[in-house]
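The chains carry the letters A, B, C, D and E, assigned in the order they are written, with residues numbered from 1 in each.
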Amino acid sequence: MLSVHNRPPKIQAIAKQEFREGVRVNVSVLEALKPLRKSALLGIIGIVGIVVGLKINAAYSTHLKPVQPIEFSHRIHAGENQIECLYCHSSADRSPSAGVPSVAKCVGCHERIATVRDSAEIAKLNAYWQAQEPIPWIKVHDVPDFVHFTHKRHVLAGLECQQCHGPVETMDRIERVADLTMPWCTDCHTLNQTDNGLDCYTCHK
Amino acid sequence: MVMKKLFDHGEPSYEQVNQDVIKSLIETGPKYWMLLATTVGITVVCFIVPWMYQIHMGVGVAGMNRNAVWGTYLSNFIFWIGLSHSGTLLSAVLHITQSDWRKSIYRSAEAMTLFSLMVAATFVMVHVGRLWFIHWSFPIPNPMGLWPNFRSPIMFDVMAITTYLTASSIFIYMGSVPDFAAVRDYSSGLRRRIYTVLSFGWRGTSKEWHTLGWAYTFFAVLVIPLAVSVHSIVSWDFALSTVPGLHQTIFAPYFVCGAIYSGTAGIVTVMYCLRRFLGFERYIGKIHVDYLGKLLIALSMIWTYINIMELFTGWYSGSSAEIEFLKFRLFGFYAPMYWEMILFCAFVPLLMLFKSVRLNWNRMLVISILINIGMLSERFIIVSTSLPRKLLPDSYGFYFPSPAEISITVGSFAMFATLFLIFIKVFPAVSIYEVKETLNPLRRAEKT
Amino acid sequence: MDITGTFQYEEDAISAAQGLHAAGIKNVSLMSPIPMHAAEKALGLGKSNVRKFTLIGAILGGLGGFSMCVATALVFIMPTGGRAIIALPPYLLITYETTILIGVLSTLVGFFLVAKLPAWKNRPYRVEANVNRFVVAVESPSSNEVKKAEQIIRGAGALGIEQTGGTL
Amino acid sequence: MSVLDTIRKYREAGYYKEFDYHWGMTVDLDRCTGCEACVVACQAENNLPIVGESSFAQRREIKWMRIERYWEGEYPNAKLNFIPMFCQQCDEAPCETACPVFATYHNQDGLNTQIYNRCIGTRTCAVYCPYEVRYFNWFTYTWDEPLERQLNPDVSVREKGVMEKCTFCIQRIRQAKDLAKDDDRRKVRDGEVTPACAQSCPTEALVFGDLNDPESRVSKMANDPRGYQVLEEQNTSPSVVYLQKVHGDEEAI
Amino acid sequence: MTSINRRDFFKFVGAGGAGAGAGYLYAELVKRPQELLVPQVVPPEDYSPGLATWYNTVCNQCSGGCGISVRIREGEAKKIEGNPVHPVNQGRLCALGQSGLNALYNPDRLKTPLRNNNEGRFQGIEWEEAIDELAQKLNESRARRQSDRVQLLTGNIRGHVNGLIGHFMEWVGVASHMQYDFTRPANLYEANQLTFGQSMLPYYDIRNTHYLLSFGADYLGTWLSPVHNSLGYGHLRQGQTEKRGTCIQVEPRMSLSGANADEWLPAVPGSEGSLALGIANVIANGHYTGADQAEWANALTTYTPSNIARLTGISEVDIERIAEEFFTNASLAIAGGAATAGTEGVATHIAVNALNYLAGNIGQKGGVIFNSDPGFAQTSTFEHANYQQMITLAEKMKNNEVDILILHDTNPIFSMPSSSNFQEAMENVPLVVALSGFMDETTAMADLILPTDNYLESWGDDVPEPAVGFSVASISQPVVSRLYDTRSLGDILIDTARMMGTEVSWDSTEAYIQDVWSRIYAQQGGDPSGFDNFWRSALEAGVWGQETASTNQGSTVKPFPVNQLSDVSNKLEGDESEYPFVLHPYLTLTFLDGRGANLPWQQELPDPLTSVVYNSWVELNPGTAVELGVKEGDVLEVTSPSGTIRAPAFIYEAIRPDVVAMPIGQGHEQYGRYAEQRGVNPIDLVVPNFDQRSGALAWAGTRVKILKTGERVLLIKTDGITRTLGRQILGPSEAEHG
């Protein structure tokens, strides 16, 4: 068994050297942390940067306001021309999904409206119609796949479309105004005392 | 107070204590780095890599199945939680009862607690199916506005382990503050700066000692019931189910006893390594191994008793489910493991009745490792022989760990070793000031 | 400027500290490598205020833990397993754990507050105090106290006495 | 006050009895032939994955509805009994208390529900379930193109690490309630909603309905003297009542 | 305070920038990808996004003829359920029927016409080209006036598509159309022809019988119309107010029906017919009081209970008891499966018919009921090819007497014993055209493959057989638009005929079906609301029927056929000393004759009796297994006089010790990714014998020997331990039973 007394001399020497009697030691924590100041500042600036980055993303991202294949304006249709929401989104009161009008429906109207027939955007519409291809609209109000949301129940309950979709009739390009998070749903359900509105399986699937 | 002979090779001087301990911290040879590199390497290869693979693929990488949805990960979790039990608990109990022999071993025992607890917590993360959502089980504000279910035994566990981890780290840290100051005084440059921060600018004034003494005692008082509750709660994860073999009233004391048992054996192993590799022969001596040996014998007997009771209650119930499960445990596929556990944990410890065994470090090392092998098997058996024998015979199954699970188990030991290797270079592995307390005041003036 | 006196013996250091105390000198600290109950007694350190932190922390932790369980259970009422929404047995377990958790944390806070740690600024200190000597320090004494203090320290049998100034 | 009322309402086990429904099912073992039509019906309705041979070899099948087989006697008097096993929707479900994150809970219809995207995969519920009817997604299972087209859009597709189980085809219940609401009815009529398994059962062994309604077919069936609950001694109070098989030597209805 | 220099400033700017960038990118990363909202160009009439529509059509997964409702959302089929108004299945559906979705959306479907490039590879070609090639060849054949050298071989096709095939044969000059379906109970048709004078399936009224005696017929699993039988079974057990019906099953290996029967009698394999006659003997001599009693008693003299007990292994007491119960109760005897798949299959059926006659079950409620003709005249001249005819066809092909073989939806290479050499014979045919949905063993032999629609994509109609006691016809309509560039059988025939220059008056199968139904409509006297309304309502309901009582009571059974049958016991092929076991192949309800093997849901459906998935296995009696030292999973070599296969053993509780059973359905060499190279096909072991009267393959009459290979595999199954171990799982009183 190795004993203290016959340890190699080198180690003993080092140990002695380390203990210097009378040495003055600064016990201040701040003093010890001083060299870290710049790094800390760097870190803080970095974190602030991240927050700013998130904000910039939120502010400038087109995710909530995507550019659609055709610059369709709800302001003109729903605002100026006072077309009922349900005229185009015709299954909103009878189906979970509100539905987008078929290309045929768009063309049906636009064939007859002489004033706008030749605008660039209508030309795009006509191009789709000529090719018999659907228009790949980008979904703005997209809930995750595990959510069961039914337009029908909400429309039949008397909710205005604008309550969730915002003042659509003033938007040129459609934009998501509600955050569509779970508390956003449940707050409204709580407030309106819906039947079993807080049961998870009302919305989850 | 009657002073027992704490030091085998005569009492060191005060200064010597400082030198011996700090040397172990500061002097780092190539062997240490090689060892550290090895353990880190094993941790990465055996633990991190399979774990990442599992996260990518799904828990199916492990060998669990529909009939045994819990497996090695969970049994390892109990093992490591168990191993964590004696450090803090022993340290706290002995602190309260003012047993001096504790003083040179408690630091590393507490470190063992902390690190095995960390490894245990890692196993929880390895175990869950969707690690990326594990924060949902913490009571922290979240965007869904939905909180965890505090009626769940798993939540008891989350709370208990969080508390235990917090309390244990504070406990070991607070006890180390004066020693950090000592290291600070012995070092220069960056290390001094680090230890200045770590020691909070400790000076050892009477006020500081006084407050530390009080605070430390409160920590000890709070930690003892906590430690008992933690392993009881871990046992309830099992016992609150309806699975034959898990739904046992005796589980809480069984787990607590087993935990202290394996933890104490773990301490012996760690002590051996400290003596052997860090040169603490002077501080860790016969009295420690003797007392720990006696403690182990006592624990082994309690453990054996509870094991017999477990079999007895199962058999006495007359319930077909219980008996079927007992049959599987005693004579089924994992029977050799069960009997190995009985041999290692019930019979081998009896050797320690002989003083010649108890006072021999090498023999004690072997026994302590055997006990922990036995305890690792115990936890594995609890999971792998109960779950496949639940209540519906048609759903009887079988569980065998997959290579990933075995590898992660091996890796967890390497991870523990890594943490411990880092610990001995950061924390004074033997408490400087408490060892000094046990010394004859006259030796204080002596120079080496 | 601070005055520090180094002692070889515990009793000398205590008597010096006691003397300084008796002389009405403030900011006297006695540094030692090990806790000394005698010194604590001599300096009139009775029961520490840490215990108050522990008690209050534990009580708050318990109450907080229980209220957390109740409050979070009421955000969404989700019955499970036929258990009551406010089920005592499980919530008491959580309460038990939070009692300890907050108790421990507040003890830690208490320790820092009572022991006046961390030392943000420098304080009089000698490294011997952490090895095998006892050091009595008077922190920034007024000019008329300096002499008296030195006298008392020397009188108690100090190995050496030193005046240090400001930061190192 | 209203909060307190709400709490009180949920204070006791079986609180859903004050609500509109307590969905339940009866399984007539005398009718059940073990043909497993229900197994495929469930698989089709609930997007159960095709797990593959190796998963089966490891006993990692996912079948919310399974048929268990129990033999009695020896050749030549061997008899085989089938018993369909699926989530018993226990009123005092051990699994529900086990979940740390409320991924499973009891809803006001007496259903033991599982919110897949809340699950973190501790698998405790599966350990606690005495009926072993909770199934874990060991991997993210995929469907060979174009098999994914048959996936039911009303049911989510579960990813790896998620526990899943029978929900009594809650999407159908939701649909039926929706239609009842269209007709200004408060309650769904008996027989308007059937889970896929009961719908497909060629021998009509499975009957589904509202146990709160004493006039419903399922309530009447549940009162049959042959009725019993599997593992009754576990006190889980299942919502599924099995009607014991009649043996040839006994004279019974 | 340290001052901030230029370098530091740049660092800070850098950190801020990096942070901002990281934050921005993170936000991008966690965003859900944008989904598209794609509208219809021109919406279909009843299209509504988010709402499901149900379309009714007919199930084609077996020949049960169930009506199905398919749930369609956004143009995709989501679920198949039973059509609630269809009298055959009344809203119920079996596993195989529901797996139809897997067939529709199967990844291994044939997607374009293929031509064999003579290097064993198939090349995609255009439809025009493919049809043109076929038309050309048919034209050449027509020009040579060799219509007898063109052979049409299809699976079981019912309804008016057959009519269209008939027209096609006229148009293009094809002389012979054969339908080959392994599951078709040819012996039953033949026996009914001999005893009742009608080659048809009567309605077996399981629903109302009190005493069901089944000789090997797995009526709950595979026999005739399992869903309808199961509906009846449910009613028999718990629906009848007066009495809970009793079920007796006679078979050497417990089938699903055997497992549900009150009594399972493991008679010696092949002796089921004798047992039936033994029971008939007891009835004729003690109970029966008809005018022809003496005649019957005379005819059955040799079938005394003691003789039969010796022959069948069923005790005399049981025979007499069953006879008494059978006579006194409202009873029904049926036969099928392996019991009637021997060399004396027709005889066994006749014996069972005799039993029904003696007990007075003919034309009775709860007995054998004959259906009146629904008035759907079949216009085609196809014949149901039995095994004997298939062999003849193979001979013809071998002798180069067939120039063109047109195949549709049939897989004789798989469902005929390999010793029949059908595959080799096909190689001699210059042009094999396969009209098929999947690449199966037979299709793979083709020179030209024309991919056909799934049944959920095509038009047709069906008269369920056996019917349900009254006239029923169902329409099958496409419920989804075509997934791939496929065409239906009828359309291919019309296109080919047009390509050959024939004047065809129908544009499509749809037009043809509509035309036929308009004639039926007219025949029925017409509905005041007009054909369009009739057609629309029939389409909506998916089924049309007239619930009128049947006037067809069937002819009486004469003792004549019985008398002629000196021995109704099936002969077993193979020497008993060399081949000690009888091979009992059986149809599984998961794959039927193998056609379901490419459906992943069916592959993953545990076998109802063994819970095995994804594999084949050999069932052994526990006693036999102990004797041979075989454990579950031991690979056994099963050898018959005509072949050897290897499969793992499964210890099955309810099988005779001298019988080994194997499921049919696996062992495909070609049939898509789910079926290929999985298990073995026990039909390959069958010694090609056939029933003398019907010419059907006697697939249950082979002896085998088994050899332990020493190899072990994991037999994949879902069961743990199949004993209750005294637990109250099956009910409170089960403790006494278990």
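In this text, contacts are C-beta pairs under 8 Å (C-beta built on N, C-alpha and C of every residue); 3 or more make two chains touch, one makes a residue touch a chain.
All of these numbers come straight from a predicted model, not from anything done at the bench.
Among the remaining chains, those touching subunit B and also subunit E are A, D.
If subunit E is disregarded, contacts among the remaining chains keep them together as one piece. Taking the mean of each chain's C-alpha atoms, the chain closest to the overall C-alpha centroid is D.
Comparing mean CA positions across the assembly, the chain most remote from subunit C is E. Here C-D and D-E are compared, and the pair linked by more C-beta contacts is D-E.
Here the CA centre of subunit C is 86 Å from the CA centre of subunit E. Averaged Cα coordinates give subunit A a centre that lies 50 Å from the centre of subunit C. For the pair subunit B and subunit C, the distance between C-alpha centroids works out to 30 Å. Subunit A and subunit B have Cα centroids lying 45 Å from one another. Counting partner chains per residue, subunit E shows two or more touched chains at residues 719, 722-724, 727, 729. Shown for subunit C are the residues that touch two or more other chains, namely 76-78, 80-81, 83, 118-120, 123, 125, 127, 131. The residues of subunit D that reach two or more other chains are 59, 61, 68-70, 94, 97, 99, 102, 105, 118, 231, listed in rising order.
Every pair of chains meeting the contact definition is listed here: A-B, A-C, A-D, A-E, B-C, B-D, B-E, C-D, D-E.
Taken together, the subunit A residues at the contact with subunit B in this complex read 1-5, 7, 11, 14-16, 18-19, 23, 25-29, 31-33, 35, 181-183, 186. Per the touch definition, subunit D reaches subunit A in the complex via residues 105, 107-109, 111, 113, 115-118, 154-157, 167, 170-171, 174, 178, 181-182. Against subunit A, in their complex, subunit B makes its touches with residues 9, 12, 15, 18-20, 22-23, 26-27, 143-146, 181, 184-187, 192-194, 196-197, 199-203, 279, 281-282, 448. Across the complex, subunit C meets subunit A through its residues 76-78, 118-123, 125-128, 131, 164, 167-168. In the complex of the two chains, the subunit B residues touching subunit D come out as 57-60, 63-67, 69-70, 127-131, 133-134, 136-137, 146-149, 151-155, 158, 237, 240-243, 246, 387, 390-395, 397-398.
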